[in-house]
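There are two complexes below, and they share chain A, which is joined by chain B in the first and by chain C in the second.
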Partner chain A sequence: MKTRPFLAAFVTPAALCAVGLVAAMAAILQYSVRAYIPGSLEPGGYTLSNFVALMKPLYLRVFIDTAWICLLTAFATLIAGYPIAYALVQAKRPFVKGLILIIVVTPLFLGEVVRTYSWVIVLGNTGFINSLLLKLGLIASPIQFMFTTFGVVLALVHVTLPVMVIMLAAALAHIDPAYERAAASLGASPLRGFLTVTLPLSAPGIIAGVTTAFAWTFSAFATPQLIGGGRVNMVSNLVYQLGFASFNFPFAAALSVAGLAMTFALLGLIRLGTRRFENVGQH
Partner chain B sequence: MSAFALHTLPGRLSRLFVVAVIGFLILPPLVVTIAAFNDKALLAFPPEKLSLRWFAKALTYDDFRAGFRSSLIVTVWASSIALFVGAAFAFALDRYEFRLKRTIEGILLSSLIIPHFTIGLGFLIIAAQIGIARGFAIVVTAHVVLVLPFVLRSVYVSLRNFDRRLELAAASLGASPLRVLLTITIPLLLPGLASGWLLAAILSFNEFTASLFVTGQRTQTLPVAMYNYVREYADPSMAAISVLYIAATAALLTFANLYLGLGKVLNVEQPR
Partner chain C sequence: MKHLKLLGMLVLLLGAALPAAAQEKLVVSIWGGSWRDLVAETAAKKFTADTGVAVEFITGGTIDRLNKAKLAKGSPEADINFTTSHVGWLYATDDLYETLDLAKIPNAANLVPEARISPYHLGTWAYVYTIGYRPDLVKDIKFESWNDLWKPEMKGKLASPDFDPSHLMVVAALLSGGDAASWQKGQDKMKALKPSFKAFYTNDANSQQLIASGETPVQVILSMNAHYMMSQGVPIQLVIPKEGAVLGIDTIAIFKGSKKSELAYKFINTMLDPAIQSEAAKMKKASPVVTNAKLDPEVAKLPGVFTTPEQWKSQAIIVDHKLRGEKTGEWRKWFAENIMN
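Right, the complex of A and B next:
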């Protein structure tokens, strides 16, 4: 083992963490096929009834809403994030670059609670936007943003924008500027150079960004809970409600499993649909 | 030359768009700050009178104080354990080939994609099954798993830029592998280790959804306490504590950027 000092000592802790995560997922999988005994925290025998119950229109509706919100958020984030990522990579002065980076990255590290609460203050009926518009006389009564899909998506875009910008910027930063110069020297206008050279070359970053934004949106809990206020429900809210309001952990587990399956299926579809762009820009 | 030079029309439009999106990003923290300094309990823009009373109220609120203490315990443990585990594994990933290398890496990185509520529920069920109470151990474990990818990434990037000839020189002069590790490798990796630890600590301190599942009354972290507060009360103490949160996070990130190069850690710098 002389050539690989510390191998066992360095890998074992990480392997233990991996085992812990796998055990947690296995626990969910196992609970999802157990019966729920009302009034008891212990699950009953093995059954598929949880998954059958998922087929009720009430639950299907939440899954469809969740997928729709995730897709809307992912694409809105892409459109808002691309120019920012481009500006970040192109910025020459370190101060400007650092400033954009901090403004973009800070929300990433702020927890969901602080961010969502901020949006409640911005969007509420007596919140910032409505007070401003009322004072300016542009509207007669407050616009309803809270408890709407629009309000939830707006706040979720704010949550996922940082990670989208980081992934796009990582892709853009690794495109050789010589390509754009070559296009320019051959007579392409800057806009054409961007559309036909840089944009396609950043496709892997776009795909990575959209998939991550989708997964993160799916993971959101406080945003749909506080801004959706029970009227816009996502899978996460349902899982929490079942787990903590009715202690139906087996059904909460089944919902989680179905949620994971849906995420992976949709992400797989996005990948499949964009496969031809995957290898663009690789040498 | 940039495709969007300022003198062109697309250049101006895109510049405008960038400014608008940045405005969108900073609007909520800005509005929260105004609300926090507003003297009235009801939101009003612009505020008629400024005061610090909501800060005083937030800082003396028992649940926030207890939550802060719990968060501190969880964050220090989770980020330190994650740093140790992540740095060691990043080292092994960078240097060695071993069995299950990609499998372990894939599992650890998967916590980036698995929803936090799923991870929280999973650890909650495990805690119930093996009969441990909802103590700090399970909260710390969940946090370690959640922040580990960020430590891995941060340390791995430093290792990639590491000049291994320095280690070879030390070894050729007779230093044992342990001595090389302690006197050459770790000191040279310090910036990467520090930024990894800092990112992990910030993320752990802010983590909410998984914590909501795995914390109990006694181990309730600050974000969970804040969430419970928002659900019950509507006064601006919450805005005040949010402002403290935002300021602390932005300050730490600015520090990380100035001294440790956030751009490099996040991989958004142009390679030279």
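Right, the complex of A and C next:
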């Protein structure tokens, strides 16, 4: 067996990162079972009271709201992203392909806060959308986008869209064009060909994109914080509100642990529900 | 040629050594943005001119810096810390601060009593959280008392900070016959304020954006933010309610374990220098904390800028800083559970 001496050197940075990550997770876990002492930065003795407090209907509601926002965002991103990914794959001219790609990935180059403030300007009562609708005479008074679930989801779709498009495009690019041509030669219209051939064959990309968008949205902070304005709260905002703004680090840690457990559980459920579609298109 | 080479090496060595000597620096931990600029352009500038020692800033949010200080306990990354009075108590109770020797801070003799926060931290400038509103957008409400926030016409107009509900919690308690210690007396009053809320702002920039856009035309606002927005042309009326406005004081302290405590004392003394205090008050439209600061009359007349003992006494609601530090968690949790969610 050949030895590969460089392997250890290659793996070391990743191993160090992993150790750091595990240490941070262990610290969060440890904090979550410690008591909060008002006025002190040091946690008290071991307790499960932080997790008991999470059973309050208020917190359960925020967890449900978070899952709902994640789901809405994932599916809205899928609906918005699929045509873009399809156009990206179908485009013949490299210039058009490049243009689509640049437009799609641009949000990734903007900081989360900058991107969110842009949405505040767009969605506000005196923002771009309302000003336009008012000028066109389509509305008599501004529509309330800010501090609503709709506004939060809209801004979150912008964040998750690049990843969704890239994943869908990768899946669509792997579909053999001969299948579509075969469908057409058998008399299927382009729409029927797409619905019965392309769409099912892109299922692995859809599953990967939706799962990633869901998990990514779960940790969203700045967008619900600024667009939600304290009226639309996700778990991360609750961690900030109850933990960091009030120095109650043990409770913040318990919320984080519960959030993480919920993400794993929901992703597990999604995986279970979509298992039979995972191998579609493999040949 | 050999001599030239030797000379060249000597010059290089000296060149390397000289900056090292000039590199002596005092490290100051403070919030970023205009807060850092405020100290950099006033106290730090004078301190460097007087001592030849450079000032380096470590910036971050209140909680980030608190966590970092906690992790670096005993061997701090910074020598000086700026933070709010009640958060300063959290540092102090966690044994992160040096007990101050006021004999080494001659300018501290002129401190107003309200700025003598603890044996560990002293006030550097003061401000209020009070009612600020857009008179062009809110024409039918006259604000004279905190009670006016509860008027039915206020429905869906108000924003307050999500990071610190203590201002409204204490006001609600006072209006209900209690005080900060018996804040529970104000709980029903607080709940009755829920319809007035439109949103909760998360930082100064968010507050400024929401009032500038008119999204939340009434705010429980930091006086300095309101004055800044007014200077940018946003029509804001700042009110000192008849019950007073809630006082806030930002403080300065020396980290325990600082190896430059003598310089740190000099820095604090510079911060409390009357000329620096006047300059800082002018820049931020804040109250100076020393009695001998001469203020520009245009600044002195602004609401929320206190220059006389009478103003400190009659216009400010002062919450015990230590109690506020201890209660912040409880208040914040109650506010999040009962008002925000």
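Structure notes:
As a working rule, the second predicted complex is superposed on the first by the 279 of 283 C-alpha atoms of A that agree within 3 Å, B and C clash if a C-alpha of one lies under 4 Å from a C-alpha of the other, contacts with A are read in each partner's own complex, and residues count from 1 in each chain.
In this text, a residue touches a chain if its C-beta (ideal position, glycine included) is under 8 Å from a C-beta of that chain, and two chains touch if they have at least 3 such contacts.
On a predicted model such as this, the values are computed, not experimentally measured, just so you know.
For the composite obtained by overlaying on chain A, chain B and chain C cannot both be accommodated without a clash.
By the touch criterion stated above, A:L58 is placed in contact with chain C alone, chain B being left untouched. Touch criterion not met for A:F75: it reaches neither chain B nor chain C. Of the two partner chains placed by the overlay, neither chain B nor chain C lies in contact with A:F150. Shared-chain residue A:T126: touches chain B and chain C both. When the two complexes are overlaid on their common chain A, residue A:Y179 makes contact with neither chain B nor chain C. In the superposed model, A:N233 lies in contact with chain C only, and not with chain B.
Legend: residue contacts after superposition of the two complexes on their common chain; A:F247 is shown touching chain C, with no touch to chain B.
More residues of chain A lie in contact with B than with the other chain of the pair chain B and chain C. Residue contacts after overlaying the shared chain place A:G39 against chain C, while chain B stays out of touching range. Overlap of the chain B and chain C interfaces on chain A comprises residues 41, 117, 120, 124, 126-127, 226. Looking at the complex, you find that chain C touches chain A at residues 63, 66, 70, 89-90, 93-94, 159, 162-164, 198-202, 206, 209-210, 213-215, 322, 325-333, 336-337, 340-341.
Chain B meets chain A in the complex at residues 1-5, 8, 10-11, 14-15, 17-18, 21-22, 24-29, 31-32, 34-35, 42-45, 84-86, 88-89, 91-92, 95-96, 98, 100, 103-104, 107-108, 110-119, 121-126, 128-129, 141, 144-145, 148, 177-178, 181, 199, 202-203, 206-209, 212-213, 223, 226-227, 230-231, 238-239, 242, 245-246, 249-250, 253-254, 257-258, 262-263, 266-271. Residue ranges of chain A in contact with chain C, taken from their complex: 36, 38-42, 56, 58, 61-62, 117, 120, 124-127, 146-147, 225-226, 229-231, 233, 238, 241-242, 244-248, 251.
Residues 4-7, 9-11, 13-15, 17-18, 20-25, 27-28, 31, 41, 80-81, 83-90, 97-98, 100-107, 109-115, 117-122, 124, 126-128, 131-132, 135, 158, 161, 166, 169-170, 173-174, 177, 180-181, 184, 190-191, 193-194, 198, 212, 215, 218-222, 226, 236, 239-240, 243, 249, 252-253, 256, 259-260, 263 of chain A touch chain B in their complex.
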